[in-house]
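Dumping the structure here so I can ask a few things about it.
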Amino acid sequence: MSANLTRWLERSLHNCHATQSRTALRLFSGQQQQQQQQQQEVEEDEEFRVLNLRAVKKQVAARREIKRDPVPPPRSNRMAVDQDWTAAWPGPRSFHPASVPLPLRQGYTERGAAAPSKFANAELMKIPNFLHLTPPAIRQQCEAIKQFCTPWPKGLETEEKCKHHFPVEVVTTDFCHSLPTIRNPEARRVTVSLKLSELKFDAHAKDKFLRLVGERYNQETDVLTIVADRCPMRKQNYDYALYLLTACYHESFITEPWEETKSEADMEVYHFERNKAKLSAEAILNWNEAAGETKVAPSQGYAKSVEQLINEGENEYNIAKYKKEVLKMLNIPVAN
Amino acid sequence: MALRVLGLNLIKNNINLLQNACRINATSTTQAPYCNQVTVHAAPAAVQKQKVSKAMKAYLERARENDEFMKTQDLDFQIGKRHLANMMGADPETFTQQDIDDAISYLFPSGLFDKRARPAMKSPDEVFPARKAAEFDETGRPFHSMFYTGKPNFFQLLHDIVEETNKLYDLEERMLRRGNKPDENQKIEMAGFQMLPKDQLEVKLVETIADIEYSNFVSSMERLIASPFSYKSKNFIERYLKPLIDQSKQLEVPKPKIDEQGRQYITTYECLRKTARADVTVRMPGTGKININGKDISYFDVEQCREQLLFPLQFSGLLGKVDVEANVAGGGSSGQSGAIRWGIAMSLRSFVDQEMIESMRLAGLLTRDYRRRERKKFGQEGARRKYTWKKR
Amino acid sequence: MLKRALIYGKFRTNGIYGSFENGTRWSRLMSMYPPHYAEPIFKKDSQNMEKYELAKLSHVPIKAALNSSSDTIFNAELKQKMLAYIVKCGNSRLARELLTKTFEQIKRAQIERKHLVKQDNGHAICIDAEKLLIQAIENSRPLLQLSSIKRGGVKYQVPVPLTSKKSYFYAMKWILDAAKEKDRKISLSSKLAWEILDAAHGQGRVIKKKNDLHRLCENNRAYAHYRWS
Amino acid sequence: MKMFRKHVGSISRISTQLQRGPPTVGSIAGLSTEAEAAPKQERVDEKITEFRTAITNPGGHSPLQIAKFYTIPAEEKKRIFGGGGLPKQYELQIKTFTEACLMVRSPALELLQYIKQADLSKPVVRYVLYGENGVGKSLTMAHVLHYGALHDFLLVHVPWAPNWMKRPKETANATGQEGFIDLPFDAAAWLVHFKTQNAQLLQKLQLKTSKDYVWSKRESTPTGSLLTELVEHGIARIKYASETIAAVISELKQLSTAGQCKVMVAIDGFNAFFHPETRIFSDNKQRVTPDRITLTQPFLNITNYDWTNGVCILSVDKIAMTEGYMESYMPRYLLGKDGFEHLDPFVPVHVDNYTDKEFTNYISYYVDRFWITKTAPDLEDQLKFMSNKNPYTLMQLVRGL
């Protein structure tokens, strides 16, 4: 049944387009009319007199005819097959059945029925189409832009060279959309990023700088990223980001007086010199020595290995190194 | 064969064709034309003279309209094709259906999952389904003797099957008398075949049939095939068989890639079991190392889970010859090990022969286990269990 | 006909094929798998069946192997079944641990015995716990069962033969029940080990239970005809 | 976890003996030799196979014997490990296999080599065994302990230190020190263990105490009395057992520094002494830290570096800790800051999973002992995959085969 209906619909639609004379109303009553016609033909053959038991009132309330403008035939009917399509569809636009001269169909139907055609098919309008970006259109536009292009600057051929000459990367985003306002709140966001290895630090300054920037630094990639979006204007945000970078850099070189008074308890790194490890090692090495004699100091390698073991955390490599140094220091012969 | 018709068939030959379908079947390989395509340009003079029945008249009218409709549709399609070629900057003369499909999927990139629901531009022959041909002549007399069963083609088919069977019985009797035995080599192999499914049979017959009728068809076909001389009517039988897909060849085995150390490797992504999800890499010459989220097999402390990982490796005989790396997340230990097991098995396909793949498939290693926890239902204690019944 | 059923399994719901007697082809009522999926054959040895059978399976999709099944040395069919009966509340890990401990105890006991009688017939003693388990189950399998059938208002205890599946079930259940019945202070694993050892040597409570049942069936053999009439 | 030493059984046996009166070591040894004589005789012929070595003295082990089994004679096993020292599961295995076999593994050999070549006039070197769960730290220690027992070392052996912190027999407030906790039964059990291990050597050396020990008004141990007497006193007067241990250990330190004896200290689960807390409650219902237990002090004292003529073999173990402190098996993590500083500089010795050869030999040993009855061509590969060559996991896996 559904198949039948589509078929009828399409046919009548086609007729309508072709003759330009039928109204839209008739479009939907096409099937009925056909049947009536058939009936008439039958009646010509054999008269079938209807027994009218009750006289039907002749007076039928005259209904006001709703006048509708005739639907013009689709524009695509008049299109030439070798037309300039880029002129017919110059820019992005949602699908319009009368302007696209393709007998498209979309939709899933049960077995035995045709898919809905492009007319009044909302699904087709939902798809973002590329009718304005056909290969000829792209070619044409590239051709047009060509005259505005300048040659690529010399010395910036590769990505590394670009990074070398311009270590600071500033990312902003422009938005273009069809809203009544041309402003987008995201447009003011400025992201400044650079590799930390580009800046020169000493050990203290680097430590302090990392503490200052906190989460903005990515340990794995060594990239510092500053995002500024507090101010309403992009320019202000950009200025602030650069100011932040400069200020942090210079601040990191300042050593506060209290930093000297850091004690063992809030020791951030393990120092061999300040710890019990040194005492024990010395005591073992100087076993049975008289008090007056010069003391043997534990080896540098051992000191280093202890520091490494505790500062870097334990792993097989560090502990193996520690073992090696201990064996060397305690004079225990190693097999093989 | 799709037979698209709505045309009226007035040629007497066609009646013969329909009526003698079985005879033709037996002798030639042509198919019984349950319907076909005829174009009527105008009603012949004979019809005008005679008195035409009303049904016939209506039918004629419909046929004409359909014909016209198809013609305009076809024209539309041809013009549309030229338009599309023009849009894409291609030559309209050499623009094929493949080009059309490509162009449409470029111009209208639909993300719908079902490919049939995406926009398409196809020839009207494909778009509009087939119809049945005329079944009666101008005087309203049906061509087919079984017209009044309502499903002439189907019952004709049953009739044909029985006729075939009877012929085979006769043959068997004669052969028995002569002392000939059926050739065992020529026996019809049913292993790779399936009886034509109901929906396909319906398309073939252009008739809708009921379930019971379909099972009647199946049983009569089975009786035909069971006959010792069934290979004599192989042509007829094969028309109603559908080859089954070979399960082991169904999934394409990926080619191994080569890594930095020159070893072959295969990565299977999206290994799913319960709520676990894993991706598994298997490297070919290896020493049996296993790495699950950076840990070795001790990642699983349950013996059964370790056994699950061992299963495909041991089964394929590649234990100790491949290295396995897996990243797994979600789910419990059982689900995770199941996911990795499937991943290993799928990856190992690239390193074993076809026979082993089939063997692994039979062992149920290559099937994705998509059983999930069943939800609890309201009014019940669990998924299935009901609350204890208490009268009051 | 069975062959057909395999191929057209899909249409079984249509009516005619719904009433097939072949138990193996019936998928469970609520299974997540479509009915035409076949059970996996996860033991490599049992895949060496006839070529025709294999060819038939080559077109049938197979269910995934269960988590508890594998073709390794740690898995055996009867062991898996036994495990399934031991499990309580889905704690299969505990069940596995219990069965492993049982096996351990059996092995310890048998090795001890072997050392005791080393001189003469030490070889005769079986240490393989799995074999002993199988032996024990085989020994305690009942062949007949009494089922009460009402004839003329009187209930008769009629001896009825058991299917093999059912008899295996009873064997395992009896062994487990016997183990569970004993002193609660002793762990299940050791109790189970004793039961298995006893049953494997054709003695103990399970065997007695089986024999009792058989004797009862023997006594009631006069009623056997009530099965049919 | 379960397998790991619960010495409750052995200790309770000792404590029952305590009540009856101190048993004589000789009688135990005599009994055992009689009992074990018969099986020993028939073992001779099957002794040397591919995975066995006939060298029963750990002193004779060299890298040639790596991955081979050697048998500890039954009476020695009883003497050294009678009061614990071998994991419970291993004891069971010994009982089933009717022989005490240990595999010669590289960490033990490494330790033996260090000990053999060590300069005993230098302060003691602390060796710390570390490794994953179930890799054989305790058995490595047992191997070294066997060496020590055969080479005239006085053994100061704590089979499993966490037992004192986790499940003490009885707690009492210390009499001598304020705010400390005494574990009298455990201390006495340890003294018995010490006595059993070292009875012969003590008899031979005739060690004397260096100062007066006054226990109470009536009881005291005068200067110059034998060390055995001191130990006997501790066993007899359980109340003073903890103090006796302290006295014995400080005496041992002095004696060995003086060169009168050699001491081997072996403490399993040493990191328990540095655990943040114990399961013992003090009077005011608060958990006690290990350093408030009187038993801790002497053993920390003897693991210090300020004495000579001895070796310290300690093991750190994840399962000596409680939940929340078991992330890593590395010594620094397990010992904590204090423990590390206490031991530093020490020699860490890593005990690892089996090597391929060791694994193969172990499997053939199991097959030889009828412990594995399954036969499959790739049995070894499957076990290797499942156990990851971890000794304990292998033991658990093989149970059901």
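Letters are used for the chains, namely A, B, C and D, taken in the order the chains are written, and counting of residues starts over at 1 for each.
The criterion applied here is as follows: a residue touches a chain if its C-beta (ideal position, glycine included) is under 8 Å from a C-beta of that chain, and two chains touch if they have at least 3 such contacts.
Just so it is clear, the model here is predicted, and its values are computed rather than measured.
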item	value
Co-neighbours of subunit D and subunit B - touch as defined	A, C
Interface with more contacting C-beta pairs, comparing A-D to A-B	A-B
Identifier of the chain whose CA centre is least distant from the whole-structure CA centre	C
Distance from the mean Cα position of subunit D to that of subunit A, given in whole angstrom	63
Inter-centroid spacing, subunit C versus subunit B (mean Cα positions, whole Å)	40
Between subunit C and subunit D, centroid-to-centroid distance (C-alpha), Å	47
Subunit A residues counted as touching two or more neighbouring chains	none
Sequence positions of subunit D contacting 2 or more other chains	382, 386, 397
Numbers and ranges of subunit B residues touching at least 2 other chains	303, 307, 310, 314
Chains that touch, pairwise	A-B, A-D, B-C, B-D, C-D
Interface residues, subunit B side, partner subunit D - complex	288, 290, 296-298, 303, 306-307, 309-310, 313-314, 319-320
Parts of subunit D lying in touch with subunit B, wherever the complex brings them together	378, 381-382, 384-386, 388, 390, 393, 397
In the complex with subunit B, residue positions of subunit C that touch it	3-4, 7-8, 10-11, 14-17, 30, 32, 39-42, 44, 47, 52, 54-65, 67-68, 70-72, 74-75, 92-93, 96
List of subunit D residues in touch with subunit C within their complex	92, 96-98, 369-371, 373-374, 376, 379, 382-383, 386, 396-397, 399-401
Complex contacts: residues of subunit C adjacent to subunit D	72-74, 99-101, 103-104, 107-108, 111-112, 114-115, 127-131
